[in-house]
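Here's a structure for you.
Every chain is named by a letter (A, B, C and D) in the order it is written, and numbering of its residues begins at 1.
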């Protein structure tokens, strides 16, 4: 029912006439703009834009877009990418023992809410194997130790490539990925951290939150970079707690936050609504 | 520091090429678009757009804009308006006895947060007179009874016109305005209702909420129309309550909601971020 | 790990010395109070109390409690009940076609989060049959038409009794129960309504919310009474939406609210934290 | 209208029979308990209780309470205090240049919402002098430099004692108090920090939040201890922001959070609803 679109994402130094130029370019190829968002970061003079163009009638396609667009983009020194909504994104999920985020993503996927395919789940444990296989999804058990991490990451990349995965979701995956691995998927690995970052980065955030006596807990979804829990934040949410909440209650309540926030981040990513710049995100939602 | 801009608000039937056309028009007059938002209501095929253009360098101004833009607008059957950010909006406030919303608006205005002038406060009581006069603002006492309502509304309109008021804010004004009065200020009278509309429309909503035993209370800011508490909603907010909250607690907690929601609605209006269509608002924030 | 407790729920006219009397009674039988909450409704002079007593060392049990407590309770004209945490509550779920609330409850139950057993799911459709059976839970298909409603409700009650169900959860069950059925389970049928009640009671609340142009949607869990969507509210939650949200978006976002709110209500019920009085709830959480 | 009460706050090691003992003690002196809350920290075995007793009919008063209660309290090794609601708390406010939190407290105080007296405002600047004097409140200008801090704090304490101040509220007071000063008012100095602690402790939290690209900002009210921004947290609140919010927007939106959170903390304190233990608060609300 929803019409297929091309989604054009642009960042460049701000300049006069960019929007008019982009709109004229699209009109020239008979595209109909169904959504257009832009933002200027006044501090750095960065310009960001997201344009969604109906494919129906548009004379550009994956084959000829770059050729036509390239010279125009160069004039404004644009970093850009284009995504085609009729080419469904392929999500690979990494999980450890805890299943709530995985389960939630699978449930949304089954309900047609996720707008993506899930061809592969990789885990360093076998706890979630049955859930995954019951959904008809490939499950790969890749246990990781400090000794075999390098070769296991090579194995993971092999599996991801075989499954043509576009974006990796760490659904409470408790292993730290190496910088080498991360470099393969820039702004394409989404993590959920079970705290309101930058508070309580690192291990056992609910224990730390309990210890500090906070009155609100949070969850944060972000792109993974070399620096642990420090990548560009995509989505966050918080929830009130009080002195009656023991650590187990924080963990229980937090699970709901984590599920919501991760699902929101994945949805934004597969709909090509996120631009990254200077370790921050611009989310056109 | 913020640069002056023209804010162009457009509604029309959706059609191919509107955005490109608008952008080209603005480029033709050497305008720089600093913000552009659009929205299509897929149900009715309505197109909405808000464009903000830097005045610096723009060859159109309040004197020549309509002449240049009119023919283009006609082509797309646009309803449109243009506002100039260097012409500060003038807000007239109506209040009865309760001062919290008035106070809050005055406080924001004094702090430079409101982006508007407040030349006039009209009240059917004298309770808020001192607060208003202390701010150096004209206060007019216009008591209203069922018998004198027509003539008092005439008096109010006279005062509003003398003070060159652009938009009226009912900051807990407890009189119902006549359709004749409302017709003078279409989508230019902002009310705050102390419930989550459409729940608990009418009188004494906190009492009704208490009686019903709701676990959340709310506040709603909307444009005033002929139908009581039924105009286009601009902003809403809610707050958790529980069985320990007596009616007085709901009233107390609700005051904070009302202040926030009304301030938000007024701010959106004076920044020309609201379009109204089919008794609903499109808020480009 | 959590110690077993007796949960004593009391409502009566307020009077001097109730708390002291209750505490003395429990001390007399060597009970250790691990939690005690009370509330006085000052409007009606109603007193409410919830006391949780460790079973370890307590000289009263399901066999002798009523005999000992009865005379004391009578002195204060108490309505009271006592629940024993080591007797796990049995939840029967009713569902129609939409599975999200059912799924969520099953997921929490499997994760040990629900503190209850789920021996039976009844549905007027077969859509959720596989999900239920995969969890090893009895699924009964009881299709309902206007003609056969009476006999099918008799069938439902038979099944509920056979499964020793204590509380019924309507997890988006789209049939209205008859007053006769409801009378069998006073304050023991929990419904989820997909709006912020009392706004948008009845059918298709998301459509109504969209039509009205609200800026916040909600979900409400309540006990079922004879009057549709009018029973005592247990829990509510809300979520911001805007003009970009089509009806489908409201439905999608609302699903998350519904899941959360229903799960919260069921949890409160099975932990015996809810008292009902005058069509309102006192929730001791 | 509200009846006067004694508010008894207790912390001690958990033990059998405390609640019954307390209730019996109060009954012995013909007190009527109108509210009773308790909490056990299962990790440390700490017991906390707050009991509110109607003064009407109660045979204990500020003169004879300690004598009667002392021996009982000793038996359970209680730390305890008793507050009398008919002895209104006296709040001293410290402020620097920014007036929003001060203003908000004054506004609530004038509206009868605060349940306290405000006899004194101390500031290291003169910006807020007029606001304070207009309310008929004593304003003292006590400028502080690194050199004169010790003597100026001595002066402040003198003023606070002369005004019989019970609790100090730092309403965006930008000076760090010395440990010597803090030691004079243990758990009686309430600060508002403009971030979601422990994130962004220290200076310029909105700038830090902007830099990090968080999607939610917060405010935290806490008791002041020797360690900067690390005292027991009383109340927190958060608010969604996005990439369009410049630092000035965070500051503007944050002001509303700060006002709400500080007012809430002050209200809880003056109603004797907060117990402090192990650098955390138990808030009986």
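Following the convention adopted for this analysis, a contact is a pair of C-beta atoms (placed from the backbone, for glycine too) under 8 Å apart; a residue touches a chain by one contact, two chains touch by 3 or more.
From a predicted model like this one, the values you see are computed outputs, not experimental measurements.
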What chain lies farthest away from chain D once each centre is taken as the mean of the Cα atoms? A
State the pair with the higher C-beta contact count; candidates are A-D and A-B. A-D
Separation of chain A from chain B, taking each centre as the mean of its C-alpha atoms, in whole Å: 37
Chain A-chain D separation of Cα centroids, rounded to whole Å: 42
Check: chain A positions touching at least 2 other chains come out as 244
Residues of chain A defined as touching chain D within the complex: 39, 41-43, 196-200, 212-216, 218, 232-238, 242-244, 246, 279-283
Residue set of chain A touching chain C in the complex reads 99-100, 103, 107, 111, 113, 134, 244, 252, 256, 260
For the complex, which residues does chain C have touching chain D? 16-17, 19-24, 26-27, 30, 32-38, 40, 57
